[in-house]
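Everything below concerns the one structure shown next.
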Amino acid sequence: MSVELEAWGISRSFGGIHAVADIDLCLEKGKIHAVIGPNGAGKTTLVGLLAGSLTADKGEIRLGRRKATLLPVHERVKLGLGRTFQITSLFGELSVFENIAIAVQGYQGHSFRFWAPANRKSALIKRVHELASDAGLDHELDARAEALSHGKHRLLEIAMALAGFPSILLLDEPAAGLGAEETQNLIAILNRLKSDAAVLLVEHDMDVVFSVADEVTVMVDGAVIATGSPDDIRNNQQAQQAYLGESGSEYA
Amino acid sequence: MSKSGGWLAVVTVLGALLLPFWAEYAGEPFILDVIIRLMILAIAASSLNLILGYSGMVSLGHAVFIGIGAYAVGIPAYYDLNSGWLQLAAALGASGCFALLTGLICLRTRGAYFIMITLAFAQMMYFIFVSIEEYGGDDGLVIYSRSEMGPGVDLDDNSQLYFLVLFCLIAVMILIHRLTRSDFGQVIRSIKINEVRMQALGFDTFRYRLVCYVISGMICGLAGWLLGNFTGFISPEMMDWTRSGELIAMVLLGGAATVVGPLLGAGIFIGVETLLPEMTIYWHLYLGILLIIVAKFGRGGLLGWWTRWQGRSRP
Amino acid sequence: MDSALVMIQVLNGLQLGVLLFLLAAGLTLVFGIMDFINLAHGAFYMLGAFICATLALWLDSFLLAVLLAVPITFVIGVVVELGIARQLYQADHLEQILATFGLILIADTLVQMIWGPEGLTFALPEILNGQVRLFYDVEFPVYRILIISAGLLVALALYLVVSHTRIGMLIRAGASNRRMVEALGVDIRMLFTLVFAAGAAMAGLAGLMIAPITEASIGMGNEILIVAFVVIVIGGIGSVQGAFLGAMLVGLIDTLGRSFLDDFLRLFLSHQAAETSAPAISAMLIYILMAVILTFRPQGLFGVRSS
């Protein structure tokens, strides 16, 4: 399977605190790589560094064959990177249709088209419907995004991240706040996703992590303390103490 | 546009087309001057609305583009270059270039910094024109001849100028209507709501905001070209920051992020400016109070108030 | 260029600098702490000048007029904060601009109603009217020396208050993190009123000091206010030190540019080209400075919050 994203020794500190320290990471197509760790371990900073909303103090990031360490967010997207946000980040006052449409539009080169009305092209409409039905949002297309339930917000986030056929997906706690049924739905979506993309999954919900992850990395205080297959991590002493020990002993 | 809105637009345009004939018949040429000024300010306010209302960039220096457009009439005219097309090209070119150059710096900042930097750049142009004595400095420059647009057109005839301004206003409103609903418009409106997300969707938001800023500056330059022709006198005072403040007031009075809002706002503003001084020399006091009330309670301006009122009366 | 002239222009630049600082200090604190863009801050500058001029004419004492006018502008600041400004802290910047633009119109019209459309002038006492010999043949007006000293003193006092007292600590904390101050259980509304009124009093002081040289006139604060905005953008919003450094830079560059730029340009350009381009370029200098600083430090020299 092909390597889509590589990071070597990336670090970032804020005012002397090492939020992310010397992390190596490799994402392959067809695999879900989960990152777990207690709050404040630097997981969201890591996503920011990979996505380009933060720049690394040290280290190197490659997307496919391209060196991407210093590229801004939108150029990394053009190289096939898609992401969701830990805190839902949508266009609240626009409809679900418009939210997905703008995401599709972002994938189509440029939008310097000043005269023809937006959202009328049949190819775009078709793609929006496709993404909506994949995420189970067919019936909400006309609703305002802010009027949706929390669970649907998370699904809309994913639908938007998928608009550009990303080869790399960074998902920041997609299961946060989901109910049991919604979580099962999410797991199904994640399993479908991985055939097309390399997925980084930052997640607190261990049910989700251990049912979909192919590889798990445990982060504590900005550093990696263990990485391996889900089974390795279940049996890893250090990982258990640092993280699983408190909330996930049932997996030990 | 709703059906009744469409009819209202048709009636307004018809009325506007007949106005010069009525003004002449009724012997009130003054009314034509007032409406020309109103329409020119409506063009300027519409251009500001494009960046302020639709894409959330609060510029406090927009009147600078009126000044640039007006000097693009005055300076060529000073050298006896009266071709209207040349002056128009100069107005659009100069305001576009100024928007591009300052935009490259301004648009790297956000919020309050953006407000103050647009303000500062406008004030810079103000002081530059104050300091150029060749073109009248502080005292301004008289334009002795309006733009020559070619055979058959004589802008010295006020009603012909009126039709030109009316044409420009309608064209600008149609342009903004189309622009804000196009792919590009969808992008700038979405940037206003959530710029971070737009970047994460692959949009180079800086470029879109810059293009929007340049288009807005050029439309306002057009308003300046018309205003220079209309007043026949230009001075740095046209780009003073209080003029920019008035443009903001117009946009907010009428209703930001709507196509007709700026026109309504310019109408209210001109109405206040024309009628109040007949009642009291202290009319600025009442204008000031009006602005504070609009800021405090007038979300959405006149249009917003109208929509809310309609929403309430219709169950 | 002779050194005496340079010396005098440096002093003039310092004078503009301290006036700008007195305006910018209040502006930057109100902005940094309350997130409030006050376009009407220049009104206090104007009010200080008019009130002082009136008192000086009534009481026939400049000193008494100053001693009364500063507290009066402070009180006006308190009234404006409680009556109007306080309502606007929660509003967005656009609404603040519209409302404070309205406030300018109101303030200018009220001044016109009370004092009439003409400006107000008054004479300085004899003792302040002379020149002081700095050295050799360099003479400088006593009163301008006084303005500079008074401004520097206020700057020093403000610095001490902000960096060495409990109130100052709260002000600094408020500029970088408003929530924290609220969490400390401080009556933040009192702090806001105090900061706003102190800013008003400093602006008033600047206005009344310049009034004997120019005159008290309607709208006198509106133009210098824009330069004060440039100062706080350069210095960094919320920073008193930044405001001071920015004010001095802007004051000196603007004054020296206007006096010596044509001489300087003559080194590269023809006499005539230098003469015609110098005024325009010197008008741009401070804005160029601002653009350069923002390109490298978007949050200003001492910015406590990034843009």
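Note that the chains are named A, B and C in the order they appear, and that numbering of residues resets to 1 at the start of each chain.
In this section, contacts are C-beta pairs under 8 Å (C-beta built on N, C-alpha and C of every residue); 3 or more make two chains touch, one makes a residue touch a chain.
Remember, predicted model here, so these are calculated numbers, not experimental data.
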{"item": "Leading chain pair when contacts are tallied as C-beta pairs", "value": "B-C"}
{"item": "Label of the chain whose CA centroid is most distant from the centroid of chain B", "value": "A"}
{"item": "Centre-most chain [mean C-alpha coordinates]", "value": "B"}
{"item": "Distance between chain centroids, defined by C-alpha means - chain B, chain C (Å)", "value": "31"}
{"item": "Separation of chain A from chain B, taking each centre as the mean of its C-alpha atoms, in whole Å", "value": "44"}
{"item": "Rounded Å distance between chain A and chain C, as computed from the means of their C-alpha atoms", "value": "50"}
{"item": "Residues of chain B that touch chain A when the two form their complex", "value": "178-179, 181-187, 190, 193-194, 196-205, 208, 211"}
{"item": "Interface residues, chain B side, partner chain C - complex", "value": "52, 58, 60, 105, 108-117, 119-121, 123-124, 127-128, 130-134, 241-242, 245, 248-249, 252, 282, 284-285, 287-292, 294-296"}
{"item": "Residues of chain A touching chain B in the complex", "value": "51, 53, 72-75, 77-78, 82-83, 85, 89-94, 98, 101-103, 105-107, 111-119, 160-161, 163-164"}
{"item": "Partner chain B, residues of chain C touching it in the complex", "value": "31, 35, 37, 39, 84, 87-88, 91, 93-99, 101-106, 108-110, 112-113, 222, 226, 229-230, 232-233, 237, 276, 279-280, 282-284, 287, 290-291, 294-295, 298, 307"}
